[in-house]
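Remarks on the structure that follows.
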Amino acid sequence: MKITLNGELREIAAATVADLLRELKLAPVGLAVAVNESVVRRANYETHALNDGDIVEIIRAVQGG
Amino acid sequence: MNSKLTIDGVELGSRLLFGTGKNVSFDTMKECIELSGTDLVTCAIRRVPLNESSGQNLIDYLKNVRVLPNTAMCYNVKDAILTAQLGRELLDTNWVKLEVIGDADTLFPDNELTLEAAKILIKDGFTILPYCSDDLIVCQKLEQLGCAAVMPLAAPIGSGLGIRNPTNLQIIREKIKCPIIVDAGVGTASEAAFALELGMDGVLLQSAVYGAKIPQKMAVAMKSAVEAGRLAYEAGRMPKKLYGSASSPVEGVVNS
Amino acid sequence: MNSKLTIDGVELGSRLLFGTGKNVSFDTMKECIELSGTDLVTCAIRRVPLNESSGQNLIDYLKNVRVLPNTAMCYNVKDAILTAQLGRELLDTNWVKLEVIGDADTLFPDNELTLEAAKILIKDGFTILPYCSDDLIVCQKLEQLGCAAVMPLAAPIGSGLGIRNPTNLQIIREKIKCPIIVDAGVGTASEAAFALELGMDGVLLQSAVYGAKIPQKMAVAMKSAVEAGRLAYEAGRMPKKLYGSASSPVEGVVNS
Amino acid sequence: MNSKLTIDGVELGSRLLFGTGKNVSFDTMKECIELSGTDLVTCAIRRVPLNESSGQNLIDYLKNVRVLPNTAMCYNVKDAILTAQLGRELLDTNWVKLEVIGDADTLFPDNELTLEAAKILIKDGFTILPYCSDDLIVCQKLEQLGCAAVMPLAAPIGSGLGIRNPTNLQIIREKIKCPIIVDAGVGTASEAAFALELGMDGVLLQSAVYGAKIPQKMAVAMKSAVEAGRLAYEAGRMPKKLYGSASSPVEGVVNS
Amino acid sequence: MNSKLTIDGVELGSRLLFGTGKNVSFDTMKECIELSGTDLVTCAIRRVPLNESSGQNLIDYLKNVRVLPNTAMCYNVKDAILTAQLGRELLDTNWVKLEVIGDADTLFPDNELTLEAAKILIKDGFTILPYCSDDLIVCQKLEQLGCAAVMPLAAPIGSGLGIRNPTNLQIIREKIKCPIIVDAGVGTASEAAFALELGMDGVLLQSAVYGAKIPQKMAVAMKSAVEAGRLAYEAGRMPKKLYGSASSPVEGVVNS
Amino acid sequence: MKITLNGELREIAAATVADLLRELKLAPVGLAVAVNESVVRRANYETHALNDGDIVEIIRAVQGG
Amino acid sequence: MKITLNGELREIAAATVADLLRELKLAPVGLAVAVNESVVRRANYETHALNDGDIVEIIRAVQGG
Amino acid sequence: MKITLNGELREIAAATVADLLRELKLAPVGLAVAVNESVVRRANYETHALNDGDIVEIIRAVQGG
């Protein structure tokens, strides 16, 4: 399945947001996720299915002013 | 000794709002935050880098302060809204420092788009602190939309030029009720004090501290400056005259 | 946290020098002195009124601070010298704030006569802190005579106009070694901070505090302002630019 | 001697744009217009009073200059558009000084509505000179819409406070190609010159002249000031230094 | 159109006093002098070089203007007096621009020595125009000695920093009767105009013109600026307000 | 017929814009007219009919900045 | 004996500075004294004789800046 | 004879100021002369005798501000 992840096209195996984070070796803390411009709440990572062509953003807090 | 700043019902322990730094280690940042006395620090929201180990997490260094996510570098309403929503989810806060930028060189706000984004975000339950021009009409509209504060810039972001237009800030103060936080442009302590003396409710600092030769000293300087400025505002300064009057008695002088 | 001011070998606990007031009760004065954190207060020397009961004595209210007699309102060298000598006897100090006034309306110093008086008083064993113009040549001559500090005015006495000529003070700082105390003209906290940021070693305040609507609040404001300004000076402020650079990262922005 | 200002293909004989007065007779107005050297004067559009004899007609006094109708005192897009269209019919010109006001006390522009009105009027064939804030983003949008010039305010209308924010005007100059006319706030000659020195293409004056004690003298002063400022801009001023260098030779001095 | 400046009974055709240049050819100098409209130019007095052919003589280029020799670079009274006397013999004028310098870096005047030299030269029949600090007391003493004018600096010689302390100049104007010429510091046209608006009777320029990229254009700019500033002073500027009042009528607006 | 003329209700007899100006004793120079938010060109004053309820604006140039 | 005391001519009986202070009912603290433009040290009040025509200054500290 | 001329010691043959100018090939216009800190008027160049040890200044006007 192909998704746009943080602005780049990428082939993934994951079926859900939670899968994706595991595939990316990202602990599900200190980050937030949006799929197709909607935020996915942390409680829904396991159930939120990903589809081919999804646009996924995974963000964190960084220093700024 | 001075009165507290309250935003959206939350009383803050300091009138200094503070960035989390740029080109500075988390340790220095943490030290500066503590020395500054701030209660509210901003952070940006950025994509997790996928090809590098993520290292330490900023949030772990911000345990004792309230964190205010911003929408810095967003150039349109859609990006600002998604960034705000991601920040809310990430940091478990409905406060957001709304920025919609209009020009990449100067980082001046696009006030028209900021108003549009603010309207949508307020409907979505956000508490908005918008970065904007020192423009009375824009500030009035933001207040009427229900923003929790307005954050006019004193000078371009990162310029350190100080309060470029005290007249505009004075007029905004006269005609606006909600808190006014000067965002951007303050470069040194006297300018922070001056902002408060103009009746501004707070200042947001970043480059002035982290860009100083000794950031820790400047953090303390700014803490004192903000207190000084607010107290002076509350004290009510002496009137100005072209020349004054003797400060020692004119009678009883020993003379020949 | 900031470095201390030392005058004539005496380390002072504060960079704020303070008047003892005008049109203000001894109680309010005492309160303001304490709140300001000052270590050195000025007083004037005047003839004892012979036909009235003398009431309370100023000196009784100044137990915990060093007292610096001035020669305010002296218009010639002879009066200034006798006043200085009487002050020394009265207060048991060889320090004197030397003033020789040249004009009754503006109270500007007569620098020529000030130099003449300073020369005589230094020979007589005094430690001189002279009130003078923000004039490099005058300050250099006063320093060469052996004055313990120079005290250029920032604006006319009692005017509250702030630092009228930062350029002159900057140049004096560059070329003078002895302590520089800004005497007169500061009207509010940000201006005191600004004086320190210019590298001045201290400020002497009177009207700014006692002439504020709430002198006590302004006394605290000034304490903080002087600390803020000195710390900012020591911290080394960020450079100024016409416009700056992003204070949040430009990479990794969430965008469409 | 200096280069000419061209707006919408029309070369103007002067960089001074001028109001037609307030509380001043038509004769004095006419005299000031002639003395100022202006080529372009503004007027307002108002309802004909129905119950009084109409008296003399302003237009009869404006035979030798181009007249620019404004939409002063319009608070919404609809009124501004109708006023612009009436002005066009009345004065047989498609030029209009577009004003959409956002606040009755300060007369600050509502830039959001100004943009909206400009878009409509440009489609309708108008040549727009819009009154706006000294806000780069607003100026950029107005330029992109096709406005013939932008007219940022220097200070509130009728305030005479001068150029409150030279930094903003400098930045706008750097990033905008179309003519920039400073509209409002200039109070005296040196400020008009300063506006031109910042690279502004012209200034629009009203209160500064008609509000002077001797309007005729100020009209001439402004004529010279605008020429001086433009020439100085084109001449390229000397650099600033904290202190300079001798203006007479340092060698060959007669000395002992 | 504006009133003329008279010094020592001589009416000058312009309020602009002008140097004869530095690092600039005699031809460019001559052109600038003519374009500036000045009636009075300064020159320095220096030893004839004995080992080189002397080339063209400055004086040959100054046929149509009054020449004012200066004592630039003199650091003591004796040198200043001899230089003044040599200048008088050379140029057949008893006018002298008296300078006694106190510091080689900043070229600030030694006012004490200037007073001493002025006293001697006045007894010797000179008409003195002394370079001095913007110090009221010094100006008063120079006036009382009988100087024909006083020439306070606006900023260090060659700095181009403009009017650093308008307050001091304003006060001097209020309390001095003789002509006041701002000497040194003006860098561009608006600053020259501003000096005149403060009530100064003239300005002396050198670096501002010869140091511009196109000196000829700046010479014309300065001519206009000085006229503009004086006229504005005589016209009596409008009062300043935080915000003003409508410059178009508030009644009769077309509205819905 | 009742029209709103320069913001005030007014009973008029005029049938056209030109009639109205005559009724108001206004010379048709140095002014401009809008009916119902549309400008009426001078050439059309004679032919532009007024209707009951029309909103009419008659304006001129005045001093301003 | 006549002296000039704080700028005013005055007839006094006192023979010394200390006498004078007693005559004026002034306690010898919180003040300083000059006779003919020379300060009289406190220790010398009892011994410093006053003469006809002396110019005497008695001063104290007052508020000032 | 030795004089100090414009700050430098110099051996000269001239007996008067006029001689000196000739010796230096300087035309007596556009300059002024002082001997021992006194200005010598142009009219006196021929008669003003120079003496050993004299301090002579010969100056002209140069550009300055």
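Before moving on, here are some points about what is shown:
We call the chains A, B, C, D, E, F, G and H, going by the order they appear; numbering starts again at 1 in every chain.
Simple rule for what comes next: contacts are C-beta pairs under 8 Å (C-beta built on N, C-alpha and C of every residue); 3 or more make two chains touch, one makes a residue touch a chain.
Keep in mind it's a predicted model, so treat the numbers as computed, not measured.
Graph distance from chain D to chain F, where chains that touch are one step apart, equals 1.
The interface of D-F is repeated, with over half of its contact pairs matching by residue number, by E-H among E-H, A-C or E-F. When the interfaces E-H and C-E are ranked by C-beta pairs in contact, the top one is E-H.
Distance between Cα centroids is largest for the pairing of chain C with F. Chain B and chain G have centres, each the mean of its CA atoms, that are 62 Å apart.
For the pair chain B and chain E, the distance between C-alpha centroids works out to 46 Å. Distance from the chain C centre to the chain H centre is 54 Å, each centre being the mean of its Cα atoms. Residue positions of chain A with contacts to 2 or more other chains are 6-7, 34, 37, 57, 59, 62-65. Annotation for chain E: residues touching 2 or more other chains are 19, 22, 44-47, 70, 72, 78, 82-83, 86, 105-106, 156-157, 159, 161, 167, 171, 184, 206-207, 242-243, 247-249, 252, 254-256. A list of each chain pair in contact follows: A-B, A-C, B-C, B-D, B-E, B-G, C-D, C-E, C-G, D-E, D-F, D-H, E-F, E-H.
Contact residues on chain D toward chain E in their complex (touch as defined above): 1-2, 19, 22, 44-47, 49, 70, 72-76, 78-79, 82-83, 86, 105-107, 156-161, 184, 187-194, 197, 206-208, 211-218, 220-225, 227-232, 234-256. Note for the complex: chain F touches chain E at residues 6-7, 34, 37, 57, 59, 62-65. Residues 247-249, 252, 254-256 of chain D are the ones touching chain H in the complex.
On chain B, the positions that touch chain E within their shared complex are 167, 170-171, 242-243.
Residues 19-22, 24, 29, 42-48, 50, 54, 57-60, 67, 69-70, 72, 78, 82-83, 85-91, 157, 204-207 of chain C are the ones touching chain G in the complex.
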